[in-house]
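Naming follows writing order (A, B, C, D, E, F, G and H), and every chain is counted from residue 1.
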Amino acid sequence: MDESIIDFQRRNRLGVIEAIWGEHKSIEQISEILKKFQMASETALVTRLTKEKGEKLLIDFPSARFHEEPGCLTMGAFKECISSEVEVIILTGGTSDLGVALEAELALKLHGKKTKLLIDIGVAGLHRLLERLDEIKSAKVVIACAGMEGALPTVLAGLIPHPIIGLPVSVGYGISSGGKTALEGMLASCSPGLLVVNIDNGYGAAMAALRILSS
Amino acid sequence: MDESIIDFQRRNRLGVIEAIWGEHKSIEQISEILKKFQMASETALVTRLTKEKGEKLLIDFPSARFHEEPGCLTMGAFKECISSEVEVIILTGGTSDLGVALEAELALKLHGKKTKLLIDIGVAGLHRLLERLDEIKSAKVVIACAGMEGALPTVLAGLIPHPIIGLPVSVGYGISSGGKTALEGMLASCSPGLLVVNIDNGYGAAMAALRILSS
Amino acid sequence: MDESIIDFQRRNRLGVIEAIWGEHKSIEQISEILKKFQMASETALVTRLTKEKGEKLLIDFPSARFHEEPGCLTMGAFKECISSEVEVIILTGGTSDLGVALEAELALKLHGKKTKLLIDIGVAGLHRLLERLDEIKSAKVVIACAGMEGALPTVLAGLIPHPIIGLPVSVGYGISSGGKTALEGMLASCSPGLLVVNIDNGYGAAMAALRILSS
Amino acid sequence: MDESIIDFQRRNRLGVIEAIWGEHKSIEQISEILKKFQMASETALVTRLTKEKGEKLLIDFPSARFHEEPGCLTMGAFKECISSEVEVIILTGGTSDLGVALEAELALKLHGKKTKLLIDIGVAGLHRLLERLDEIKSAKVVIACAGMEGALPTVLAGLIPHPIIGLPVSVGYGISSGGKTALEGMLASCSPGLLVVNIDNGYGAAMAALRILSS
Amino acid sequence: MDESIIDFQRRNRLGVIEAIWGEHKSIEQISEILKKFQMASETALVTRLTKEKGEKLLIDFPSARFHEEPGCLTMGAFKECISSEVEVIILTGGTSDLGVALEAELALKLHGKKTKLLIDIGVAGLHRLLERLDEIKSAKVVIACAGMEGALPTVLAGLIPHPIIGLPVSVGYGISSGGKTALEGMLASCSPGLLVVNIDNGYGAAMAALRILSS
Amino acid sequence: MDESIIDFQRRNRLGVIEAIWGEHKSIEQISEILKKFQMASETALVTRLTKEKGEKLLIDFPSARFHEEPGCLTMGAFKECISSEVEVIILTGGTSDLGVALEAELALKLHGKKTKLLIDIGVAGLHRLLERLDEIKSAKVVIACAGMEGALPTVLAGLIPHPIIGLPVSVGYGISSGGKTALEGMLASCSPGLLVVNIDNGYGAAMAALRILSS
Amino acid sequence: MDESIIDFQRRNRLGVIEAIWGEHKSIEQISEILKKFQMASETALVTRLTKEKGEKLLIDFPSARFHEEPGCLTMGAFKECISSEVEVIILTGGTSDLGVALEAELALKLHGKKTKLLIDIGVAGLHRLLERLDEIKSAKVVIACAGMEGALPTVLAGLIPHPIIGLPVSVGYGISSGGKTALEGMLASCSPGLLVVNIDNGYGAAMAALRILSS
Amino acid sequence: MDESIIDFQRRNRLGVIEAIWGEHKSIEQISEILKKFQMASETALVTRLTKEKGEKLLIDFPSARFHEEPGCLTMGAFKECISSEVEVIILTGGTSDLGVALEAELALKLHGKKTKLLIDIGVAGLHRLLERLDEIKSAKVVIACAGMEGALPTVLAGLIPHPIIGLPVSVGYGISSGGKTALEGMLASCSPGLLVVNIDNGYGAAMAALRILSS
């Protein structure tokens, strides 16, 4: 009656594997889905898992790997990385944004993309960004993570001509708790052509970068 | 004292011309800025102009051209289009989204990009989208405009692997007046890797497409 | 002084039993109410119970049954189902919506209605919906559950002429956490005649379907 | 390039004609669409027109009819009404809700449905509702329009077992300006099985009633 | 340095004792304040306490009394009640509103007022309210508690000429979680002269009733 | 078909005349309603009228009187005022709040109540309030109007024991435009027992004062 | 009865003249107030006036002066400026912010302060800010105006140790229309010690600068 | 790869040490950062720590000190205080605001500033504020903390000419839960020149005071 249906055609149709969003699913629901991936010999990515959920899943799926900081579980082979140069640079405004940045990086690596992560590049100490500009320019796509007021991608988009994906992070308090201020700030950016995804959507930013790299 | 400073370096830095946002500026302010563009022999794009403002500006700048439906004024030469194939497809859910779609198209043409516009492809009549899929797939980047619930880019992003820029339009009423429902629906999309810009930001969607094409 | 008054006339007036909303009530309050149902030999439905609350209630009411996934407790006889054909189809966009869908299904079965549940019919993989259209059309009323951007009922309402009840689910994160984006997206639907109930209101969607079936 | 595509298949697929939403379209855009309806000999309904727009359209389409209070234009034959009994009762809380109620009524009449309109049935004078209950019960579906706090459909849904469509109206001021309080009040109703559509969506309420009548 | 200052003049100035709002204070902070009340031989009321906090305070203040359902602690003598007739009637829409209603009742009793509590008078079963109207009319002031859509005070204010204080309760889910829908519904009421206090503010409703009784 | 029904029983039931809310009604609708009042020899009050609407109505109802500042029209006899002392004091924070304050005053005078209006008593110049305290205390009920941050009723409720009705006014800009900040500030007041009505609801504040005076 | 009371003591108490907020006042109300200033030989500042209102006031007050861009009227002598160095630098992100910046500047000049205005210093072209840093540092206080995402004061506060007053401007569209995104971005700033005033509150920013200069 | 970069230049550039925001960081992340401070012999301040986190950090950093009420950890020497007079007065409306006020005080003391803390100065008992005015006036800068409706800084700013930093506190419930009402009330203040920081941002208010003291 209530059998879940995995969209295995997605790999052919879109070139991406279907990620399993773990936050609102029980361990039993995730296990049932992972078994279908195993039977189909498909690589799986489960996102937004607590440490407790992740470790319980490892008992039934010993070949899987739990990545604690981004809260993700992977099972099966990563696609081979064939690029010799960094394809996607991922920036964070501060250490607190790290988990979301790592979710984006993991999802890209799973699809065989070469990434680089630069943290603590927030605009409160602008020199940290300006010193890194050449390094950033060497990639094809930039994912810029920021919480609080979310100004990092705006400043960056005024400096370089690359596709920049603003990734707002739910780091903040008071008026900016939950990440909505960062999100709205990126959408309202005075810099031309900044692109935005949902708050904390590291996986989505990665898939968007993948679409750009394949275009 | 209050001299405006045009960022003419932007063309070199970012590969885009600086657009003049006309909505909150007086005709006097816009005229003063356009004169500086004229003196620098730079191509200018003024967005978000009423018909009245546009026609008044044409008196002082007879070489300019006012585009009524998108509410934009251009002055100076368009960059030559060298591509023989459509680079950016622009879709709209309905006729009401046309103005915003045309702003995106104009901004792309100004930068020499080959575009195609398909209107009335809303998801309430899904066959209209499905019949056009091959045509849509032939472009490199897709800009999908939608008001109301904004589901068009979500459905599309589940069907094709291209970079898709969701462009929410302030078309709606009641709970969806102002375009916020369309914006939030695009950000919350269950399809992987959908990118989003601010409501009615046709120029921004175009500049993002430009960044992707240049990557 | 603080005696609760059960609206047992509701069955005659509206044809529905009064559900007990368990979320904001203490176990003592619910017990007191259930005793009144027992004394009146009335069938009872308690919704929105945690597993802990549900199991504690079973100690005092051993004839009751706790349904873990929808978080509901039933006590007393279900109305007999006399229909040979499916009367209400319940669809979900993903596995995460299951609990709410099951609450709707349970409430319908309690009133003797024949239901069918189809899960993982989300619009990110449109073929899953299109393949099931004939099956869906065979019912009289459709309840379509969706979280995130909530586009499923919109797409469906463009395809079939049935009464469709959009049931937004509090599954999402960032801008769509809490289910408000799904709710607003359904209300703003570009498809004609989509009906909507409150977020996570499985019981309400069921009662609405019941009203329609009885009309 | 920018040819609008009318979804004439909608009549077959859904049993409803495609309404033209007039609010965000120019007179030129509406004229172009109406010509296509004329050529296809299809009945047309344009909603949300100002008096000025409506009267200008009559010049080019003399066979059309403009309905001032609901702000709608119709062109072509109404479907014949074959029912001898009222199928849909439309209630309003006050005179200010009249325009929206008339939009719903017009859309139903266009599809051949027998309707009845009762105004000034607001809950501030409860006797007005209670005296009319038998009359209301004689219909199959009820559309209950209310602005302000929107309590009318809630009270009604506690009194009769019929399908009730709550239609919030943008009548109010201060905290309730725009109709959002009425909408949220209907969604949050303590009465079981109340259905809701978007604020001021008279057409949508009518199409929902049509779906129910056809089920 | 950080000595708290109790406003003991308040009793003279306003005729009410200063309540200690317990929710955001530590047990240490509350204890320190209660000691000052003890030294001044003042009656104290602490509101919004968890059971755990309340019981811990009883250890140091054995003469105090903890009222579990409203989550309040009282210490010292209640003012004598000299009225032979009910002065304030407190109504609730459902059992879930009980805690807030009891906070209002306790605060009134502390000030020597005669109260009566009627629960489960929600508008989904209107007869329960209509049968109690004479009883309700016998009081001088009415406090009407409701969560969800909050229609109870609106309906009541259309039926009787008394001062009615609408007390919205944070009982609801989805769009009405947190009580904001009930609050806005009461503020937007179509009935004339309904008064409103903050969500869950049982103490405030009581003090307002006190002001009215003393006027 | 669409005959409006006046609730003339309201005067008996509630002791207040039914006000006609003019904002969302056409002149034709208001005229039709006023004629019914005329035929029933009932005193009428129409609120929220523009000057243009008010003056047009005077043509058909020459015995009526239009009050420009509060935007109200009255027709028929005011109830005689028998009190020798001020019953309701109406305060405003600034001159901008005057229209709303005058609506409250007019509605009270119509019902025969003795009022006094004090303007420019805002808390930015606290001495203006403190100097007037004795005068304010001489009334039975206080209506305190304020826009911006709305602190006036809070400060007052800490100083006097009277029933105080906070009347938020839609005077402000930026974050406080529309009056929502004033409304929320009054609801959240740290002073005990402050009562609140909807933004700009002068009529409602008056009716609430009437209920209190009659209790 | 409704005499306005001017707070002429404010000059002594706070060192500032009381500004007259013109937006929600009629010309008659403003005239009446200005006459009191004239009689008291006080300098007056009226803010937020349309051109039409301003010019009408000049007829009755020929000695006054209307400043069109900031929409302000001044009457009476400016305080003499005795500083030889710039005390307050006012920055704007773009030309659209000019009106608000000029309101701040005018209010400071009225109080005898030496100011400097730098426009078009937005962060989309960062070099424009970096080149002006020494000039900016030479003042004692900085007022930084920005609309859209409002990142300018954040970037600046990371670069210089001065008191910086973020002044959000209601320049934007879609998600940032009305200036709320700029306001929230400034409040959520990752730079330490940024101060903020209400949207478009040029007068308030000036008075805050005055307080700082006098401390 | 994920090395955090401390902005040690900040002390020179801005005169303030970089605070470590502890709320969204793990103990491991904070430890790693503190080690860098230790190696650089820099004084460190970690804010927004739970008691549990704070005590765990003390194990690895025994020379540090955990301040429980403000939830802060300091490590290294405080700057010497050389002022003989109070430089910053910190006021709170109630005891519940104490933690935030203490965070501000600690951050100022760390930078060698002389502070004074006055609690329970809320406007519900106005005399408490008026009696303390001379004491308050003796400082150079005032930080006024308030939750609920946040009226304290507004009243104060009407009484004294000092720079006043309104610090909204997340103390409240219902409509004012989270501190947004206090924040908006301060921004909308009718008193001229009130400055505001984010909700609960004690550190930010302190750094702003520091900027003012250094100007």
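Basically, a residue touches a chain if its C-beta (ideal position, glycine included) is under 8 Å from a C-beta of that chain, and two chains touch if they have at least 3 such contacts.
Bear in mind that the values here come from a model prediction, so they are computed numbers and not experimental data.
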| item | value |
| --- | --- |
| Minimum number of chain-to-chain contact steps, chain B to chain F | 2 |
| Chain at maximum distance from chain H, centres defined as averaged CA atoms | D |
| Equivalent of B-G within the choices B-D, A-G or D-E, defined by over half of its residue contact pairs recurring | B-D |
| Centroid comparison with chain B (C-alpha atoms), farthest chain | E |
| Centre distance in Å when chain D and chain F are each reduced to the mean of their C-alpha atoms | 34 |
| Rounded Å distance, chain E centre to chain G centre (Cα mean) | 45 |
| Numbers and ranges of chain H residues touching at least 2 other chains | 94, 124-125, 158-159, 174-176, 180, 183, 187-189, 192, 198 |
| Full enumeration of touching chain pairs | A-B, A-C, A-G, A-H, B-C, B-D, B-G, C-D, C-E, D-E, D-F, E-F, E-H, F-G, F-H, G-H |
| Complex contact set, residues of chain H against chain E | 94-96, 98, 102, 117, 119-121, 124-125, 127-128, 147, 171, 173-177 |
| Complex contact set, residues of chain B against chain G | 1-7, 9-10, 21, 23-25, 29, 33, 48, 168, 170, 178-180, 183, 198-201 |
| Contact set on chain D toward chain C in their complex | 13-16, 18-19, 140-141, 158-165, 183, 187-189, 192-198, 203-204, 206-212, 214-215 |
| Complex contact set, residues of chain C against chain B | 93-94, 122-126, 148-151, 154-155, 157-159, 172, 174-176, 180-182, 184-192 |
